[in-house]
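Labels for the chains are A, B, C, D, E, F and G, by order of writing; each one numbers its residues from 1.
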Amino acid sequence: MTEIVTAVLMLLGASFMLLSGVGVIRMPDVYMRLQVASKASSLGAGCLMAAVAVHYAELGIVARAMLVVTFIFLTTPVSAHLIGRAAYLTGVQLWDRTGDDDLEGAYDREAGTLRGRGRDDAPGG
Amino acid sequence: MSGIILPTATKVLLPLLLLFSLFLLLRGHDEPGGGFAGGLVASAAFALLATASGVPNARRVLHVDTRTLIGVGLALALASGLVGLVGGSGFLASVWLDLALPDGTPFYAGTTLLFDLGVYLVVVGSVLTIVFALEEE
Amino acid sequence: MTMFAANLLLALAWVAMSGQFSAANFLLGFAFGYIALLVTRRSIGRTSYFGRTVRLASFVAFYLRELILANLRVAYDVVTPTHHMHPGIVAVPLDVRSDAEITLLANLLTMTPGTLSLDISDDRTTLYVHGMFVEDPEAFRREIKDGFERRVLELLR
Amino acid sequence: MATVLAIVIGGLFAAGVYLMLRRSLVKLALGLSLIGNAANLLIFTAAGLVRGEPPLVPAGAETPPPGVADPLPQALILTAIVIGFGVLAFTLVLLHRAYQETGSDDLDDLSSSDR
Amino acid sequence: MTGPVDGLIGIAFVTAMGMITVSLVLTFVRLVLGPSLMDRVVALELTATLVVGVVAATAIASGTPVLLDVAIALALVAFIGAVAFARYAERAARG
Amino acid sequence: MTGTHLALAVVFAAAVLVPLLWRLNARAGRAVGVFVPAALTAYFVAIAPAVLRGEPERGVVPWVPALGVDLAVNVDGLGLLFALLVCGIGALVLLFSDAYLHGDPRQGRFTGIMLAFLASMLGLVVADDLLLVYVFWGLTGLTSFLLIGFDHERRSARDGANQAFLLTAAGELAMLAGFVLLAGIAGTGRLSEMAGAAEAASLRTHALYVPTLVLILAGALTKSAQVPFHFWLPNAMEAPTPVSAYLHSATMVKAGVYLIARLAPILAATGAWVGILTVVGAATLVLGAWMSLGQTDLKRILAYSTVAALGLMVLLLGLDTPEASVAAIAVLLAHAAYKGALFLVAGSIDHGAGTRDVTRLGGLRGAMPLTATAGLIAAASMIGLPGLLGFIGKELAYKATLDVVGAAVVVTAVVVAAGIAFVAVAGITGVLPFFGRTDAGTGTGADAHETPARMWVAPTVLAAMGLVAGIAPSLFAGPLIAAAASDVVGGPIDAKILPWYPPDLALALSVVTVLAGLGLLVARRQARSTVTRLDVGERLGPERAWEGLVTGTVRFAGVVSATSQTGRLRQYMLIVFVTTTVLAWGVVALLGGLPALEPSTDVRFWEVGAAGAILVGAFVALRADSRLSAVAALGVVGYGIALVYLLFGAPDLAMIQVLIETLIIILFVLVFHHLPRFVTVSSSASRMRDAVVALAAGTLMGTLVLATSVRPHEAISSFFLEASYLEARGRNVVNVILIDFRGLDTLGEVTVLAVAGIGVFALLKLRPDRRADRVQAGAGAAAEERS
Amino acid sequence: MTILLILPIVIPLGAAALALLSWRSPVRQRVIVLIGTAALLAAGIALLVEVERVGVMALTVGGWQAPFGVTLAADLLSAIMIVITGVIGVAVAVYGLATVDGRRQSFGYHPLYAILLVGVCGAFLTGDIFNLYVWFEVMLIASFVLLALGGDRAQLEGALKYVALNLVASALFLSGAGLLYGVAGTLNMADLAGKLSVVEPTGLVTAISVLFLVAFGIKAAVFPLFFWLPASYHTPPVAVSAVFAGLLTKVGVYALIRVFTLVFTGDASTIDAILLVTAALTMVVGVLGAVAQHEFRRVLSFLIVSGIGFMVMGLALHTPLALAGSILYIIHGSIAKTNLFLVGGAVERLAGTGALVRLGGLWALRPGLAVLFLIPAMSLAGIPPLSGFFAKLALVQAGLAIQQYAIVGVALLVSLLTLYSVLKLWNEAFWKAAPDDDPAAGSAPHDLTARLDRRITMPMVALAACTIAISVAAEPMFGLAIRAADQLMDPTAYIAAVLGATP
């Protein structure tokens, strides 16, 4: 039984990882590549770690597998945010079919600040 | 300008990283890890802190001058070697102190751990000296 | 008390990492956790740790569901030959205020497929989110505010 | 796998050498880094590859099980990696300072001390 | 154990490794193509995470759970590299 | 230990102490400077009877026996003759120079160097080890360099000193090789043993005899200013006159003659010996005599005539007959006395009349009567008037040349022709300044004055020696010459050293010589203009050749330096890689290649994936258009390598690799964002060349890795696996190796890291002091101007 | 007394650690490093005496039997090198006190200097090929920093080339060590000696040995791998140049001698042929550089290169006499060259420049300094009876004894050009009149008669005394060298001592 679960989790995790690989190739701009890469791969790693936990079913190993997942989920969004912001700031173009860009003009590059929209300012479409 | 996310996340990651580094240091004799790995993780932690909230803050958190760490680490590594020399078994020959915990489990400490600790400190001191100095450029 | 809880958590993390579940090892872990906190105290300042376990559990459940659904949606678009995306960068007004709240919200959004927190305005009023499926920016904002932001607030306040 | 790694090592050396033959400070540093990595991988491969088992003594046992990887090259590489890091770090900063002092990253411009 | 185990887990392992390897190869393509620095940084970080996956799969197949510690290290520090890239790319862009 | 050893020690010590003593008390320094050589002279006079009885003073003080350099001395007849010359003339010259340099602040230094030279020269002539000869030979070179360039702020003095030193050193180095070869062939470096050895004959038939001889003669002939190396001697006249008198007439220039004489019993009696020495000697004799007629400077006239006299000595030694040997020694002794005297007289004239230009000298006899007397006697000896030692020398020389089998006429003609020139030179330098008139027909300036006693004593004594020896040769000169000559011949000889010889062809030739010489003296101005017009010396051009060689070497050095030390790192790198690849592949090709390379097919596809990561990363790093992209690629390389480590049982390595790689990325990023963008600057040809070199280097390393699959030995690591837990108490064998089995490596490793830390900090925080910079920039600008 | 083997490493390392701990107090650092170098010298002398007494000594570090642990070993060559290191170490440490500026002293000059000595001593003492790599790196990184410390433009440019080429050498060395382990499964050089001798075909081992040849050749600065040296040696403070001049390249030469007499002896004739050509070209090109240069320290830098050629020549001839010549040359050359750099530094200090055009007048004004120049300079040119003559003589004898006439001819020719080079220095700096101060050059007027600090003169006097002592005691020195050479020619004693060392 655990073998089956392990195998399934492994394959699921690997599938997410494959998805992330396909994503970075197929997605049309860096922001969407970033989206796919960071999330799918994290999820894949999570599944694979779950497979490890199930396979060994020892507390020490389970704890370590969980630790890996925790770390990945703690760090991935931070780096994704930083990479995305850096991409925008370094002028990497959005996909030409991108709709709204609320960030346009919001950065003051001289001062290095980002303007907000005010708390009750209902932004228009 | 680091924004909010990175400094905040760093606050959570820093203790975890430091703990992991101590962990690597202490159990390196038996499983993957050791003074180098531990020291590098600790360095990475403070490098992250320096990136997130600035070198002055990282220096403040570290509390000890990085160059002092280098000196202490080097002296410690050398001293651990001298223990054997003075003890008659030769330079860098490991000397063990056999103890038992109150519950009877054997517990021992050796100069090798001291040596590894010296390595750890040198790694942290050197890497952070480099990273901080470069960040301040 | 939060410091003690943090210390306790760190001790547990230690035990988990070392894989030896003895009292001595736990004490050792506690001691090292104490050191780690002592060292990092200056950087942490006042902060509250995840003490609200129940709300946490329900939150995790919600999050996992979102995660899987969104993943499938993205996966579909990745593997099918044509792109169905409607990407856009949307300014989302924020009600969450503290660093921890903002960070948690932003990170959770990021970890959900299809959304990526790009930046937060300096006055902390606005979160700029890159979405892959922004057919209607207003609906997009609402989704975030009613979904994630509400639950984050519940969790942390 | 040794054959594959031999090709990799050759490729790394070739890339490193080629980069070091450029005129740019930056490429010099990249080349040095690649060559360092290549040398480490070379030790690893030359000493013989063993799939899987790391050289650890399992709890309860007194020696590792037969067929574990050779620990000595690993220790050597570990030493070499750390040394290489220290040296590379210094070299990078040296390049940086040389650029600051001379205002050029063209190595051909940095020849005043030879003549 | 020096190779992958037989049976179901063995099959799953080889299949999983196949998928991850394909993903790695695709990542390399992105690394080569770029075009922006951030594309390459994405590829770099993805590589790190894919390696975490390989670690997990290998840890199962070869019976060496100690490899998980490598995964922890990788998970912890790989992002620091990305952070550095992002920060300094921004700084450079600001002049 | 002999008295001679002690003598050498004393004079060397004096050389060091006198300059210091001089500072404390100039009188004491002055006294020691003259007293020491005088005392040495007395010592050699004292042992002379025993030596002349055939009991040479010999003794060995071991120094470096293993290399054949011992303080072995042998004061035999030849040695004694030279020792007396060196010490005796040394004492006189030092006395002379005390007055000559009076008041010069450098006098202490001068005396010290003179004493050092004296000691070296003395050592040279008493040394019994070939290599000890070499040692002293070298010291004479150094000390004479310092003496020739005594007026070092004058460029011509420096040039003269350098030319003399370099040229004689060149010969000297050849001679060293010759000495080593000779000692190797003879099985000993001890001259006294070689000379007596029965193997001397087999030595002359040895395959290396001719090269050995040529190498040794290269040293002797340069030192003794033989054609074509003669030119340094006139240029060395930049030295103060007492130095010229001492070094360039009486002693040092005779070192080569001494060596030839010393080696004659060992190396002579071959066609090569006779051929080289007679031709060189004759050429030198003729050229020196000819050139001496073309000069107007007293010292240069004397220098060229010295060249000629040295040529005569070499010629005579080259004839290799007992008679010629006796003649050579007699000429040598006579020349030392009269030429030393004439040089000193020239110095006195310069001192007293303020010029050395013979066209402006005349009628000084009234002002400088004592000096004039000395000059007259010395000139008489040089002319070869009976009653003087010069006469004996000339008679013996003519007799010896007339006996030459086969070429008597030619050789004698050469010698007579030179003798005629000697007569004229003697007149020009020793007589006319006092008794003649200037070219303008007047006497030299009225303010001319006699020199102090210390200055006229020396030339007078020297000249008088020639007179005494000429009138009563049996008193000392005859036995000395005979004893020395027997050492040259290598056995007892029947030397006829007489004050007068019964009339024969030689005497007739002497008369002819003197008469013709007087004629030449009368026609000296015409002779001078002829010589100057024909300008043979310049046209033969050995000096120009030498100077051309020196400047050519300097220019060549500049070209080599400029083309090799270009300052282009990539060129240095290219050379390094090409060298490595060529040598390694060459060795493989030469030594039968590598073991058969068997490609292993045992590969998992994910391993190929890891390998691919590395290669793709490297490729991207190679081609990247931006710096940070290249760094990202580098990261992929690093993670790929970590994966390889991980898959092949090295989690420790994988972990370290991951951590370090990340830190390296951070460092690269921190540094690179300051640096400018990539620009492609090299040409496609050079890129192609570099690619070829890179591929060759890569292929080499890859091949070597594959070839190491031959493993005839079991690795030592089984020990570590066994002992890790049981003896070193650690379960992680890698870590135990690091901190226990090979802890010393790790200690060094952390030291490296520590230094890297300090170094980076210092490099970034310690900026150049801009004030100090300006001075540096000034220096750099000056350097650039010149180059 | 095997403790003597570890002291030359532990003493300077301890000094460095203590100096690092007192990095706020340069004064304390000075005292520590001075005491440390003096103790190093004492330990070195004790080691030499002990090795003379008992023969080759070995020490298993950490108590792990050879070939498993790292074994230190000292034969006479090693002991001699340690003594040289001590002598130069003390002399330059004293000299540095007065000449290295305070800013450099407070940025780690002293601990770096001590660590440089650690690396040098470690390299001389280790019997393990990988450990040798480690000590090389210790030495190198310390030298990198010392070279660049201060950050002048010329320093940085010179250091760049020095660092880059030496890192290539390190990579080759490391690769070679890895390949050796792959082939022989051991790292202990004595063990390697036995195990490599049975590896077939020999082409593989010899090809690997080429990597070492190039790696050590770069560090030793032989042709055509020496370019980093003239590019850099004249740029740092004189004390740094001087210690580099005396020690660093010698470590490369030492390593060449060690591995090609102990480890790679299979295809000696091939390697010797390569080395012979290398030696000749190194001598010639080096001295040509010296002939072409017009700056005091640059001339000396090229003379170092040329001198390396002589040292390699002895190794290439590969007879006991030849090796003895090499060893004698190393002893004499290290001391003479260090001293020449010190003198050059004093000259620069007095005149404010090292450019020969702007020097002059020193023979008249500073006869003492001139004599201090002449002794090492003439020794270097091989003028008898100074120490260099005996070294050259041994090499000439060795070459002629085995009919290697060409290399002897080259060596003698190079001696002549060496003489030319030092005469150039003498003519320009000492003999020629001091040029008038050119106000346009903007330099501060310098006083050629200024008093030189005792800490500057004493080391020069001491090293000159060493040169003279070596000359006077040439027999015992040569005896030592020939005994050391005998040990190298027949390494059985070394191998037995190393493999037989008990913890």
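In the analysis below, a contact is a pair of C-beta atoms (placed from the backbone, for glycine too) under 8 Å apart; a residue touches a chain by one contact, two chains touch by 3 or more.
No experiment lies behind these values; they were computed from the predicted model shown.
Trainee: Would you mind checking the shortest number of contact hops between subunit C and subunit G?
Mentor: Minimum number of steps from subunit C to subunit G: 2.
Trainee: If you walk from chain to touching chain, how few steps can bring you from subunit B to subunit D?
Mentor: Minimum step count, subunit B to subunit D: 1.
Trainee: Which chains sit in contact with both members of the pair subunit B and subunit F?
Mentor: In this structure, the chains that contact subunit F and also subunit B are D, E, G.
Trainee: Higher C-beta contact count, B-G or F-G?
Mentor: Higher C-beta contact count between the two pairs: F-G.
Trainee: Among the chains, which has its CA centre at the largest distance from subunit A's?
Mentor: F
Trainee: How many angstrom lie between the CA centroids of subunit A and subunit F, rounded to a whole number?
Mentor: Their C-alpha centroids are separated by 79 Å.
Trainee: Using mean CA coordinates as chain centres, what's the subunit B-subunit C distance in Å?
Mentor: The separation of the two C-alpha centroids amounts to 30 Å.
Trainee: Per the centroid of Cα atoms for each chain, what is the distance between subunit D and subunit F, given in Å?
Mentor: Inter-chain centre distance comes to 50 Å.
Trainee: Indicate the whole-number Å distance between the mean C-alpha point of subunit A and the mean C-alpha point of subunit E.
Mentor: 14
Trainee: Give me the residue numbers in subunit A that touch at least two other chains, ranges are fine.
Mentor: Residue numbers touching two or more other chains: 19, 22, 34, 38, 42, 58, 61, 64, 67, 71, 74-78, 81-82, 85, 112-113.
Trainee: Touching two or more other chains, which residues of subunit G qualify?
Mentor: Answer for subunit G, listing residues that touch two or more other chains: 13, 16, 20, 61-62, 130, 134, 137, 141, 144-145, 148, 151-154, 160-161, 164, 168, 175, 179, 181-183, 187, 227, 230-231.
Trainee: For subunit F, jot down the residues that touch at least 2 other chains.
Mentor: 562, 565, 567, 569, 573, 577, 604, 608, 619, 631, 647, 651-652, 655-656, 659-660, 662-663, 666-667, 670-671, 674, 701, 704-705, 708-709, 711, 715-717, 720, 730-732, 734, 738, 740-747, 749, 751-761, 763-765, 768, 780, 787
Trainee: What are all the chain pairs that meet the touch criterion?
Mentor: A-B, A-C, A-E, B-C, B-D, B-E, B-F, B-G, D-E, D-F, D-G, E-F, F-G
Trainee: Enumerate the contact residues on subunit B facing subunit C in the complex.
Mentor: Listed in rising order, the residues of subunit B that touch subunit C are 3-5, 7-11, 14-16, 18-20, 22-23, 27, 49, 53, 57, 60-63, 101, 103, 105.
Trainee: Looking at the complex, which residues from subunit G come into contact with subunit D?
Mentor: 130, 133-134, 137, 140-141, 144-145, 148, 151-161, 163-164, 167-168, 170-171, 174-175, 177-179, 181-183, 187, 227, 230-232, 234-235
Trainee: Which stretch or stretches of subunit B touch subunit D in the complex?
Mentor: That would be residues 30-32, 36, 123, 126, 130, 133-134, 137 of subunit B.
Trainee: Could you please specify the touching residues of subunit E with respect to subunit B in the complex?
Mentor: 66, 69-70, 72-73, 76-77, 80, 83-84, 87
Trainee: Give every residue of subunit D touching subunit F within the complex, in rising order.
Mentor: Residues in contact with subunit F: 1-30, 33-34, 37-38, 40-42, 44-59, 61-64, 68-72, 74-79, 81-83, 85-90, 92-97, 99-101, 105-108, 110-115.
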